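Right, one structure below, let's go through it.
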C-alpha cells in the first residue's frame, strides 16, 4: 500500500501511509486510538475508498471497491465487533455468501472442511453449535475459520485479544504461528506492546494518521515502541494544583462489571477521586473506560464492589437519584445519551430537570423559566447559536458540548465525570472546555476526566491514573509523570517505572 | 415560543424549498391519476373540475368536506400522538369503533336526554372506551414485549366483530335493522351550518388539535416526546418509559374513540356496523404525511377530505368508480413518501453533515 | 438546487396540460351520461351491486327500461355504504332530482329524514316500510311468493329436507324464509327446513361453503336470498346435482339444470307504477304492499310471481304443477294467508289428553313454548305458554272446529285464520305481554262424557274417522 | 343410525371446506414468511391478493387457460411487490407507510381496472371454476376421500409449498442468504451478499405467492371478481406468519385453524345450532396475539425486521 491518504470531513485519518506485508509474515500494526490503524486496514478490505494512494496485491496494482473484491484477492478481515448471526449455526455463518455451485446447502461437506481447518490450525470448534451459545473466544474462532474457509492468503485481525481471557490469547497466538507456517501472512492491529513483541515479525507504528516507522520486532524494545506510539507534542499546559490533602469525594472499591458482550470487563477496579482536583484516566480505548463512566453514572450494573460519593453509597442507584446527589456526567456519545438532536437548546437544557417545580407547574412546563435558563446558559457559555429555539442538530460540535456541559454544571455538582469531552472539537472549543473543567476544580468539584488523548490528560489533569484491561495499574501526580512509562503501562507493561503509588 | 419566534420559524420554513416538495409530489400524483382516469374514458378536465366543484362548489359540499375532516383530523391526531412516541398504533379504526360504542351507550341511556350533559358525557365515554381498548396493545407491549404493529392491526378486526355481535344481540333496537336504538336528541351534535351535515364535531376536532399542540408543552407531553425522540437519552434523564408508552397509547386510543363518538352523535345518531369507511387506516397515512405536527395533520386531513368528497361527486355525476379515489389517495401517499426521501437526500447533500 | 425543483414542477404542469387536451380530443362516451333528456330527473340508488345478477341487477334493468320506454335520463349509483345512505340521498336531492328510487329497505328511515328537508323530491323506497308526504314505500309480499316455493320444494323433495341461505338476519329476509317454511309445512308437516345466515352479501365463497354444508346435511333443495353470495349457493347445488331456487330475478340462466325456478319481483311493473304516480302527480305517501300476480306483467297490482321452470319443466310432475296453481290462486283469493313474520320462528307442539284420547297440536312461535294444553270438553282448549310473542297453532278439526274467540285471561285477542283444510285449521294470534295462557273456544269441541259414554263415543269416532280417511285419500292430504 | 351418518357427513364437509378456506391464506402466509425472513414487513398483502384475484380472473377469462391466469395473477401482484421493494428497500421509507400504500393501491387499482375492462354489467362476467382433480383410487374413499383427495390443483400446490418453502429457506444457499440478510444485513454485506438484490427477490416471491392466494378466490372459489373478494384474508396471512413463528409448518397449522373455524361456524348453522358466530370469527385474530405473548422469552422474529438497511453506515 503506497501513499494512502483518506479524509473524513476535515479529519485526516491516513496521511500518505506506506505499508508493506511480506509473505508468511506476522506484521504488527501499532498505534494509539485515532492513529488510523483500523481505517488503513478497512481500505485494504474494501470498506472505504482512499482519496489517494494505490494498493498492490501479489505484485499487481488493484482497486478494492468492496469486501467481495478483497476476498477474491485472498484478503479477509476479522472485525473487532464480530459479524455473526446469533440464531444461525456455526456452519451457516461460515458458508453464507460463498459462491456455490449447487442449489442446495451442502452442510455435510462444509462441516467436514471446517473440522479439517480447525484441526489444521488448532482451533477447536463444533460446526453444529449455534453462535448464540458460544463464548466470545469461540465466536472469534468462528470468524477466523470463516476467513480461512475462503482460502485467503492475507488475514487482518483488528484488536483480536480485546475480549479474550489470557488462555484464549495464548491459543490465538499458537494458531497464528501455525497459519504463518502454512504460508499465510497476517496483519495484527493492536495497542498492546507485549502482544506485538510476542507475536509479530515486524511492526509498523502509526500516530495521528502518519507512519512513525517500521521496525523488525527482534531489534526493537517495548520502550522504544512505546515512545514511537505515544510521541510528545507539547500544548501549553495548565498549572497542576496539589491536592494531596483534599478529602476523597468519590471512591470505587474493587468494582467489577460486565461489558455489553457479557464479558467481565471491570476487574476489581479501585479508584479515589479527591475534591478540587482533576484526575485523568489514561489508557487505550477498550480497556473499560466506558464501563467505568457508566457504572458511576448508574447506567451499568455493578456486579461486585461498591461506589461511594460524598460518603453516600450510590452503587447501582438510579441515574436520576445519583444525579440529584450531585453527579454530573458528560457521556462520550454526546449525541446519543447526552442530547436529543431535534430538540431545541431550551428543551435539551431541561432534559434532566423537567420534573422539578422550578421548570414545570402542575400540568404545563414553564416556558418563560425555560427561556430564561436557556438564555443565561447561551450567554454564560458563549454558545454561538441563532436562537434558543433552534434545533440542536444545526449547532457545531463545540457548541453542542457547551450546551451539554452547561446543563450538567447548572446543577453545581459535587463530582463531574467527563468521557472524551473534546473529541472531534476544534482547538478553540477544546480550550474552552478545559477552562471550564479547571474552573469547576477551583471551586472544589472533583473532576474525573476519562480521555483517549494522552496529551489532553498531560495538559489538564492534576493527577492521572492508567487503566489497562479493566484495572487501574498506577496512579501518579502529573508532575512526576513520564510519557514513556505511561506508554508502556498503557501497553500493558506493569509498573516498571520507578515512582510508587501516590 | 413567542410570536416573534413563530414568525421567524415559519418565514424561513417557507423560504426553505423543503416546504414545496410535498405539494409538488401531490400534483404529480394527480397527473398520474389523470392518466388512469383518461384510460377509463372519462373527460379528465371535466372530472377534476367536478371534483373540486363538489368539494368547494356548494355549501353542502364544503360542509361534507369539513365533516370528513372532523373524523380524519381526530383519528390523524390520535395516530400522530402515538407515532411521536414511536409507538406504531395501526389500531385507530378499532379504537374508533369502541369509542362509537361508548358514545352510543351514553346516547341511548337516560343521560342521553339531558341537554349539555349528554354530549359532554358522550365525548368522555367515547374517549375512555377508545383509550381502554388502546391500552390492551400497550400492556401487551410493555409486559410481554408484543410488537404493537401486529397487535393493533389484529385488534381492529376483533373490535369490528365485537360491535357486530352487539348489534345483532344485546343492544339491537327492536324493529328492522341491526342498528342500536336511536340516541336521545340531547346527545345529537347540533348542526352548525343549516343546510349541510356539518355538526359541532368540527369544534371538538379543533379543540383536540389545540390540545395536542399544547400536550407537547406539558410535563407528561415532554416525557412522551423525549422517549420517542431518543429513548437512550430519555432513559438516562430518568424518564419512565413504561408510563410514557401507556399514556401515549391511552391518549391515542382516546382521540380515535372521540372520532367514533362524533360519527354516532353527529352523523348517524345510531351505531351501525359499517360506521367508518376506514378513517382509522387513512389516519396512519395522514399522521405520517402530517409529520406528526398537529397543524400538519390538520392540513393533510383537510386535503384528504377534499379528495374523498370530490371523488364522491365525480362518482355521482360522471360514474367514475369510487375505487378511483382510493387509488388516488394511494398515489398521493407514494409520491409524497418519495418526495420526503428526496428532501432528506437533498438535505444530506447540501449541508454535508454539520456535526 | 432550487432551479432543479422549479424545472420538475414546470414539467409536471406541462404534462398535465398535454394530457387534458389529448383527453378532450379523444373523449369517448363510454360511461359519461349527459345531463339532457326529459325535464324529469330520476336517480336509482342502492347499496347492492348492479353486477350481482339478482337484486341489484333487476333494479338496474327496470331503470334502463324506464329510459328506453320514456326517454328519461336515469343516474345510477351502486354499492353505497350503509353509513353513506343519508348523505347520498341528500346529495341527489340537493342536485334537484325529482324522483329517487331507493332500492333496499335500509334506505327507509334516511329517506324520510331527507324527505323532510327536500319536500319537492319524491322518494320511492323499494322493500321499505316507511312513508311521509313525499316518501312512498313498496313492500312486496315476498313471503307469498316464497310460500309457493316452499310448497313446491316440499312436494318434490326426496330427502325431506329443504334449506335456505340468507345474506344476513335482516327482518325482511327472515320474513321471506318464514313464508318458505309455511308453504313447506303446509304440504309436508314433517318436513325439515334448515337455514344459514352468512353475514355477508358479497362473498360467493362463503355462500358455496354454506350450501355444501346444507347438502351434506341432507338438503336437496337450496334457496338463497343473498345477492352475490347467492351465486356460491347455486354453484354448490350445481356441483352436488341438487335443485336450487333463485331470488328476485329468474336466475335459471346462472345454472339452467340446477335452478328449478325463482321467486321474481316484477320491478319493471313496480318502477313503472312509481313513475306514473310522479308523472301524473298523483303521488301518495303510503306503503304499497303488492302481493302475488299470476304471471309477469299480469293485471292487478301484484308484483311477485314464480319464474317458469324453463329447461327443467319436464322434471316437475303434472299433479305438482296443478297443486301449485291451486295454491297460487288460494293465496291470491286470500283463502290461504301468508302473514308477515319479521322474527325467526321455531316449531312448537303439545299433547292434550281427554279421557283416553290424546291429541297432538303443532304450530310455530317466535318466542314462547307451550307448557301444557288442556281440553275442557264442549267449550274450549286452554294453552299455557312460557313466554309471550307471535303464535300460530294448527288445530285438528277433530279437536275443535268453528273457532269463535280467543281469550287471554279476560281480554279477547284478535286472531286470523291463516289456512284451513278439512282436517285442521291454522290460526295466528299475538299472546300479549304479561299473560301466559290463552283459551280458544269454538262451536264444536270434543265432548267429554262418562267412561260408558266414552265407549259409545269411540265407536262413533271410528265411524267419523273412517269417513274422513276415505275423503282424505281423495285429496291426497297427509295423515293427521 | 341415520342421525350419526348425517352429522358424520357434515363433519367431513366442514373439514373439506376448512381446507378450501385455508388454502388462499396459506399461499399468502408462506409468501409473507419469505418476505419477512429477509427483513421486509409487508402490510400490503391484502392489496397484492386483490391484484392477484383480478389478474387471475382476467387471464383466465380472456384465454380460458388457468395456467395463464395464475401467471398473470403472480405478475400483477408482483408489480405491486416491486413497488413495495422500491419504497422500502431503495428509498427506505417507513415500511408501515409503504405497506399501507400498497394495500390502498392494490384495492383501488384492482376494482378500477375491473370496471375499466368490463364496465357496468348486470350479469357479472364469470369463469368456469377450476376443475377438481379426481384421483381415481383415493377420491371416493369413505371419509378421507372428500377431505383430502378431491380438491382443485391449487390446494395440492399450496400444501406442497409448505415443505418446499421449508427446504427453500432452510436448506438452500439462497435461503441462507435471505435469512442472513434478515438477521444481520451488515454481516451479509461484508461477506459479499447483495442485501438489496436479495430483499427485492424475497419481496417479489412473497408478492407472487400472495397473488396466487388471491387468484384462488376468483378462479376456484367463485368464478367471479368482486371489489373485496378476499375479505380481509391478507390481514389474516400477516397474523399467520407471526402465529407460525416464521416457520412453514406452523403457518400451515395456523391456516388450517383459520379455515376450520370459518367452515365450522357455517357448518354449525347448517346443523341448526345458532352460536353467535362473531366470537368464532374472532379466533383467527386473537390466537396470534396469544402466541406473541407466549413468545415473550424467545421471539423468533428476524432481528432486522422492518428496519431498512443503509449500506456503509458504519
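The letters A, B, C and D name the chains in turn, as written, and every chain counts its residues from 1.
By definition in this document, a residue touches a chain if its C-beta (ideal position, glycine included) is under 8 Å from a C-beta of that chain, and two chains touch if they have at least 3 such contacts.
Keep in mind that what you see is a predicted model, and the values were worked out from it rather than measured.
Listing every chain that touches chain C and chain D alike gives B.
With respect to chain A, maximal separation of chain centres occurs for C (centres as means of Cα atoms). Interface comparison, B-D against A-B: more C-beta pairs in contact at B-D. Work out the mean CA point of chain B and of chain D, and you get 29 Å between them. As a whole-number value, the distance joining the C-alpha centres of chain A and chain C reads 82 Å. Chain A and chain D have CA centres that are 48 Å apart.
Looking at chain C, residues 30-31, 76, 79, 199 sit in touch with two or more other chains. Across the assembly, chain B contributes 40, 164, 168, 319 as residues in contact with two or more other chains. Along chain D, residues 120, 227 each make contact with two or more other chains.
Pairwise, the chains that make contact are A-B, A-D, B-C, B-D, C-D. Those residues of chain C that touch chain D in the complex are listed here as 30-31, 49-53, 56-57, 60-61, 76, 78-79, 163, 194-200, 202-206, 208-210, 212-218, 228, 231-232, 235, 253.
The residues of chain B lying in touch with chain D in their complex are 36, 39-40, 88, 90, 140, 144-147, 149-151, 153-155, 157-158, 161-162, 164-165, 168-169, 281, 284-285, 288, 319, 321, 323-331, 333-334, 337-338, 340-341. Of all residues in chain A, only 47, 66-68, 71, 79, 83-88, 92-93, 95-98, 100, 102-105, 146 touch chain D in the complex they form.
On the side of chain D, the complex with chain B involves touching residues 41, 43, 83, 87, 91-94, 96-98, 100-105, 107-112, 115-116, 120, 227, 232, 235, 238-239, 242, 276, 278-279, 281-282, 285-286, 288-289, 292-293, 296, 299, 301, 306.
The residues of chain B lying in touch with chain C in their complex are 17, 20-21, 24, 27-28, 30-31, 34-35, 38, 40-46, 58, 60, 64, 164, 168, 175-178, 197, 263, 267-268, 272-277, 312-313, 315-320, 322, 346, 350.
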